[in-house]
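Following this message is one structure expressed as C-alpha cells.
Just so it is clear, A, B, C and D label the chains in written order, and each chain counts residues from 1 on its own.
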C-alpha cells in the first residue's frame, strides 16, 4: 500500500467522522465521531512519518492522542451534566438558546 | 498668549465640561454658570483672534503644533485663516446665546451642558484644525453628542404611515425622537464613512507621510483620483450640510431637538459640512472640485428651491425652520460651487449669517414651544399681542432669512448670486433666487399665522414674552443680524483674505479641467 | 457744514430716531413723546434737506459724491450719498411730505393705544431713513438696499393693524408681490455687476437692455404697474397717513425715481423704453377705469395712484425724464393732499366707504376745500400743479410719436377728471349719510399739513423751471395743442362727472350701460389669478413635502430598515441546534476544501 | 535558573502559582473560599507587573519556544484579562457555587497558562497543545453557570458549554487533520519549515482545514454560531473573559501558522481569509441589529469585531500585524469592561434584555457613563481606543489596496453604532422600571475592574501613540 492509500483511508475516515457529528442525535455518538476525526489525522501523521517525512509525525500522534483523551473527558463531563439537567442526551433537544 | 489662543478656544468648552462633571447634578446654578463661562471664554477668544488677526499678512496665523501620532504623520495643528476667524466668531456667538437660551432647562442640566460643551469644542476644533485627521476627529466629536442631546431632551413627534415605503413603519417609530436621533446619527456617520475613504485616498496619494492640510493643499494629486475622491468628500461632508437627498435627517432632527441643540446644530454644525466641502474638498482637490462644480451647483440650487417649497407647506413650526435651513445651506453650497471670489465670500458669509439667523429662529421657536406647548402653526394666531418681543425678533430673523438688506442674510445671498452670475452659472442662480423669494412667502406666512390676526385662543393661556436671560440670547443674535448686515466688512474682510489666498489655485485648476466637467455633465 | 454733512444728517437723524424710540422700549410704550421725537427728527431731516438744496445748483450740478466701501474696500460696492439736483430735490420732496404726514398722524392716530403709536412712529422714522437711502444712493446697490427697506416698512405699516386679518393679508400680499418683482432688480443688479464689476448709475454695458428690463420689472412691482399692481389697493388697509406717504407720494414713486436716476442705463435700451411707454400708458388707462367704479374712497385714490404712476412711467418710456420726474413731484404733493384730506373725512365718519359720506363739505369746509384743490390738481385743471406736469407728459408722448400710448393717456386723463369729480360729489356734496351728521373738522395738527400740501398742490406747477435748472434739463411752460387738448379733456371729464354725480344725477342710461363693465372690473381678474397662483404654489409645496417625507426620506428609512430585515432573516439560521452549527463548519470545510484542491 | 527557562519564566511562575492555589483550595474551608479569587487576581496581577521587569527573551524547549516582545505583548494581555476576570468573578462565583470556587479559578489559570504558552510556540505541536490547554477549560467554565431566567428557573448552562464543546471538538479534529496534511506536504512541524514547501493542492487543503479549525476559536463566520448561545448561557464575568483573551490567543495561533508559517504562500490563503473576513463583517453586524438580549448583541458585535481584525490578518505584513495587536488590546479592555457592566446590571438574570438597562444613568450615573464609553469604544468613536483600532485597520487596509474593505468596514461601523446606541438609548433616555430604581450594587472588586478597563479605554484613546508603537514593535520582531 502506498502513501496515497493511507491518505485516502484517512480522508474517508474524516468524512465518516464529520458525517457522524452531523447526524448522530446522541451526544455519545458525536463524541465517538470526534474521535474518528482525530484518528483520521493520526493515520495521516503516522503514514507520512512512515513515508519519509520524519519522526515528528509520530511524536505528533502521541500528543494528539493525549489531547483527545482530555477532550473526551471534558466531553463526557458535559454530557453527564446535560443528562443530569434534562434526563436525556439527545443533542437536538438542547436548543433553548437560539436566534 | 497669541500662539495658544486657539488652544484656549478649543479647550475651554472641554475644560468646562470636565468641571461640570465634578459638580453634583442637582446644583443647577453652578452648572449653568460653568457652561456659560466656558462658552464666553471661547467667544472672547474668538474676538481676540479677530482683533489680532493680521489681515495684511493673511494666511494661517496663531499656528501651533502638538505632535500626536508622529508615526502616521498625525499632529494636532491649530491655525486660523480668515474663514476660521469668521466661523470662530459665529460659534462663539451661537454657543453663548445657546447657553443663555437653555438657562431654563431643568431636566438633567449636568449631562446637557457636558454634551453641549463637548459638541461645541468639536466645532471649534474643526474650524481651526489644519491636520486632516484631527479635523475628522473633531468633526466626529461635534456630530455624535447630538444623539443623546436629541434623545434625552428632544420632543416627540409622529409621522403617519403612508407612501411606497410603508413597511418601514412596522419597525421604526418614524418621527419619534429616538428615530430622529438615530437617523441623524446614522446618516451623518455614513457621510463620515465617505469622508474617511476620501481622507485616506488623499493621505496615501500624497505619499502617506502626513495629514498636514496646508501641505496637502500644495500637493498636486492625479486628476483621476481627484475626480472620484471629490464626490466622496462632497457627499460625505454634504450629508451634514443637508445636501439633497441626504438632507432628510435635518427636519426630523431639528424638530425633535431641544432649543439650544437646534440652535447649535442648524446654526453651527451644518456649517461644518459646507466648511468641510470647501476646506478639504475644494482646496485640496481643486481639479476635482472644478470638474464637479456644475453638479454641486445644480444640486445646491435644487436644495434652495426644494427646501423652500417644502418649508412652505409645513404645519409644524420647527419643520418650517428646519426646511429653511436645508434651503439656506443650499445657498452656501451654491456659493461654494461658483468657484468665484464673490461666490466663496458669499458662501462663507452665508454660513455666518445663516448661523446667526437660524440660531435666533430656533431660540424663538423654543420660547414659543415652551409657552404654547405646541408647534402647530395653524392653531396659533395673534401671539404678537402677548409676546411682542418674540414677534419682533421672529420677524427680524425672518427678514434675514429672506435676504432683506440691513440683515446679514442679504449680504450673503447677494454675494452668492453675484458670484454665480459672474461665473456664468445663471441657470443655478435663478432657481436659487426664486427659492429666496419662496422663503419670503413661507416666512411671512408663518409670521402672519403665528403672530398676527385674532387671538391667541384659549388653548394658549399662559403665553408671555421672553424673560430675563432669554432676552440675552435674543438680543445677542438680533444685534448680530443687524450689525453684520449693516457693516458686513467686519467679517467679510477676513473671509475675503482667505478666499483671495485659496481661489487662484482653484481658478487655475478650473481653467484646465473645463472639458472634463462637460463630460461629467453629459 | 458741507452739503454731504447735511445730507448725512437728513439720512441718519431719522435712523437714529427710529433706533432710539424703537429700542428704548419704555419710551416707545409712552406713545406720544416717542411720536414727538419722531416728528422732530423728521423736521431736522427736512431742514437738512432744505440746507442741501439751499447750497444751490452751483454746488449740486457737478454732483457731490461721498462713499465708503461696504462689501469690499474701494468704490465698486460702496455706499454713501450722491448729491445732485435730482437727489437733492427728491430728498426735499420726501422729507417734506413725510414731515407733513407725521404731523398729520399725530392727530389722526390720536386714539391709538400708546404702544401702537410708538411703534407707528418708529416705522415712520425708519421709512424716512429707508427712503432717503434710496434717494441719496450713489449707485444701484444702495438703491436696492433702500428699495428693499422701503418695501419692508411698507409691509410693516400696511400690517400696522396686524390683529385685523385683512390688514395682515394685505401686508404679506404687498410684500410678496413687490418682492417677487424685486427679483428683477436683483437679477439686473448682478448682471450689471457681472458685466461691469460695479453698480454705477452711469454704467455702459452691452447688456443694458436686459438689465433695464429687469429693473423695470422691479419698478412694475414697486410702482404698481399692471399686472403687478394688485397689491396697492389692498395696501389701503394701512392707516391713511401711511397710504398718503408710502402708497401715494413717495415709496411707490421710488420706481419712477429709480428710472430717472438710471437714465444713462435706460438711454442704452430703446426696447425697454418702448415697453415702459406701453405698460405705463396701459396702466394709466386701466387703473383709471378701475378707479371709476370703486366705492371706497381710499381705493379710488389707490387706483388713481396706479394710474398716475402709469403716466410717469409712460413719460419715462418716451424718454422724457424730466416730464416723469416733474409729474412725480407734483403728484407727490397733490396725491398726499388727497389722501390726507380723505383721511380727515374718514376720521370724521369712521368709514372708508363713499356711501357713508356725502355732504361733508358743509360740516368740514376746510378739509373739503383742500380735497377739492387736490382733486382739481389731479384732474389737471390749470393752473394747479397737475396741469403742468400732465401736459408735459402728453406733449412728450406726442413729441416722441407714441400715439397709441398718447391716446390711452388722454382717455385716462378724461377718466381721472371724471372719477375725481365723482368722488368729490359723492363724498363732499349730495345727501349726508347718517354717519356724516356728526362729522367735524380735525384739529390743527391735521389741518396744518393739509394747508401746506394744498399750497404746494396749487403752486408746485410753477416750480418746473427751477426744477429743470436744478436737474439739468430745459423747461419752460408754453402752451401746446396737445397739452391744451389734454386740459380740455380733463374739463370735459369734470363736467361729465358733475353731470352724472352732481345734483343732477344724470346719465342713468350710461350708468346702466356700463354696469356690466363695472361688474367685470370689480371682479378683479388679476387678483383672482394671483390667488389661484398662490393656491397652486401651496399645492406644489404640499406635494413636494409629501414626496420628501414619504419617498426621499422613505428611501433613507428603508435603506436602514432593510438591514434590520436582513438581520432578522439571518437569525433564522441560528437554529439553536448545535449540529446545525457544525453543519455550517462542515459546509465551510467542504467549500474551502474544494477550493483548495481545485485551484 | 537555567538559561533555557528564562523565556518561560512567567509561565513557570504561573504554573507554580496555580499549584499553590490548588493546595490552598484544599485547606480553605467552604466559607472562606472566596479568598481564592483574590489570590488568583494577585497571581495575575503579580505576573502582569513582573512582565515589565523580567527579561523573557531567548529560546526554550530546544527552539520550540521563543520569547521576546511578541509573546510578551500577548502575555500581558492574557494576564490582564485574567486579572480582571478574577476580580470580577469573585462575587458571582462565591454566590452561585460556593463549594466549587477553587476549580473555577484553577480552570481559569490553566486556560491562561495555555494562552500564555501559545504565542511563543515555534512548532505545531506546542501550538496545538497550548491551544487545547486553553480551549478545554473554556468549555467547562462555560457550563459552570447556574444562571437563572426571569422565573428564577435554572437555565441550562450545560447547553451553552456543550455547544462550545461540540463545535470546538469538531474544529479540533478538522485542525488536526489539516495539520496532518500540512505535515505530509512539508515534512516539517516547525513554522520556519512550512514556508519552504512547494505549493500543492493537498497543502492548500491542509492550510484551509487548519484555517477553518482555528477560525472556530475566534468565532469568524461561519464558525461563529456557538458564540451567541454560549455567551448567553455562560456566567457573564466568564463571558467577559471568553470574549476577549481566547480571541487574542486564536489570533496568535493564526498569525503563527499563517503569517510566519505560510507567509510566503499568502496568495493561496489570503483570498479565503478575505472571504471569511467579509462574511464575518457583514453577518456579525447585521445579526446584531435585531438582538434584544444584550449578551447576544455583544456576542454578534464581537463577531463583527473579529471581522475588522481579520482585515489586518489578511494584510499580514508587520505593520498590519502591529495594528492587529493594538486592536486586540483595545478590544480586550473594552469588551471586558462592557461585559462587566452587563454583569452588574443583569445580576442573576440569564436573559439580560435591553430594557433591563432602562434608566441606568439615573440609577447609577457612573456605571452608565462607563457603559456608554465602552459602547462608544466598541462602535469606534473618537477619543476612545476603539476608534483608533478601527481607524488603523482601515488605514492599513487602504495601504494594502483593500480600499473596498475600508469602505465596507466604515459603513458597517455605522451599522454597529445603530445597535450599540440602542443600549445607550435605554440607559440614558428611557425611564427606569418601577422595580429597578435603586442604584446598581457593585462589589468593590468589580468596581476596580471596571475602573481599570475605563482607564485603559480612555487612556489608550486619548494617547494611543505609545501603545501603537509598542504593538508595532512587537509585530516587527515577530515577522522579522
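In the analysis below, contacts are C-beta pairs under 8 Å (C-beta built on N, C-alpha and C of every residue); 3 or more make two chains touch, one makes a residue touch a chain.
Everything quoted here is computed from the prediction, not taken from an experiment.
Common neighbours of chain A and chain D, listed by label, are C. Geometrically, the chain at the heart of the complex, using CA-atom means, is B. The interface with the greater count of contacting C-beta pairs, when A-C is set against C-D, is C-D.
Note on chain placement: the centre of chain A and the centre of chain C lie 96 Å apart, centres being C-alpha means.
Measuring from the averaged C-alpha position of chain C to that of chain D gives a distance of 77 Å.
Chain A and chain B, compared by their mean Cα positions, are separated by 64 Å. Work out the mean CA point of chain B and of chain C, and you get 36 Å between them. The set of chain C residues touching two or more other chains comprises 560, 564, 571, 574, 576, 578-579, 582, 586, 589. Counting only residues that touch two or more partner chains, chain B has 186.
Shared interface positions of chain D, i.e. residues touching 2 or more other chains, are given as 162-163, 166, 170, 174, 202, 228-229, 418.
The complete set of chain-chain contacts reads A-C, A-D, B-C, B-D, C-D.
By the touch criterion stated above, chain B contacts chain D in their complex at residues 25, 68-72, 111, 137, 140-141, 144, 147-148, 151-152, 178, 181-182, 185-186, 189-190, 192-194, 196-197, 200-201, 203-204, 208.
Contacts from chain C toward chain A in the complex involve residues 571, 574-579, 582-583, 586, 589. On the chain A side of its complex with chain D, the touching residues are 3, 7, 10, 14, 17-18, 21, 27, 30-31, 34, 36-38, 40-42, 44-45, 47-48, 52-54, 56-57, 59-60, 63-64, 67, 70-71, 74-75, 77-79, 81-82, 84-86, 91, 94-99.
Listed in rising order, the residues of chain D touching chain C in the complex are 162-163, 166-167, 170-171, 174, 201-202, 204-209, 211-212, 216, 222-223, 225-226, 228-229, 268, 272, 283, 286-290, 415, 418. Contacts from chain C toward chain B in the complex involve residues 69-73, 115, 144-145, 148-149, 152, 155, 159, 162-165, 168-169, 171-172, 175-176, 179-180, 183, 186-187, 189-191, 193-194, 537-538, 540-542, 544-546, 548-558, 560-561, 564.
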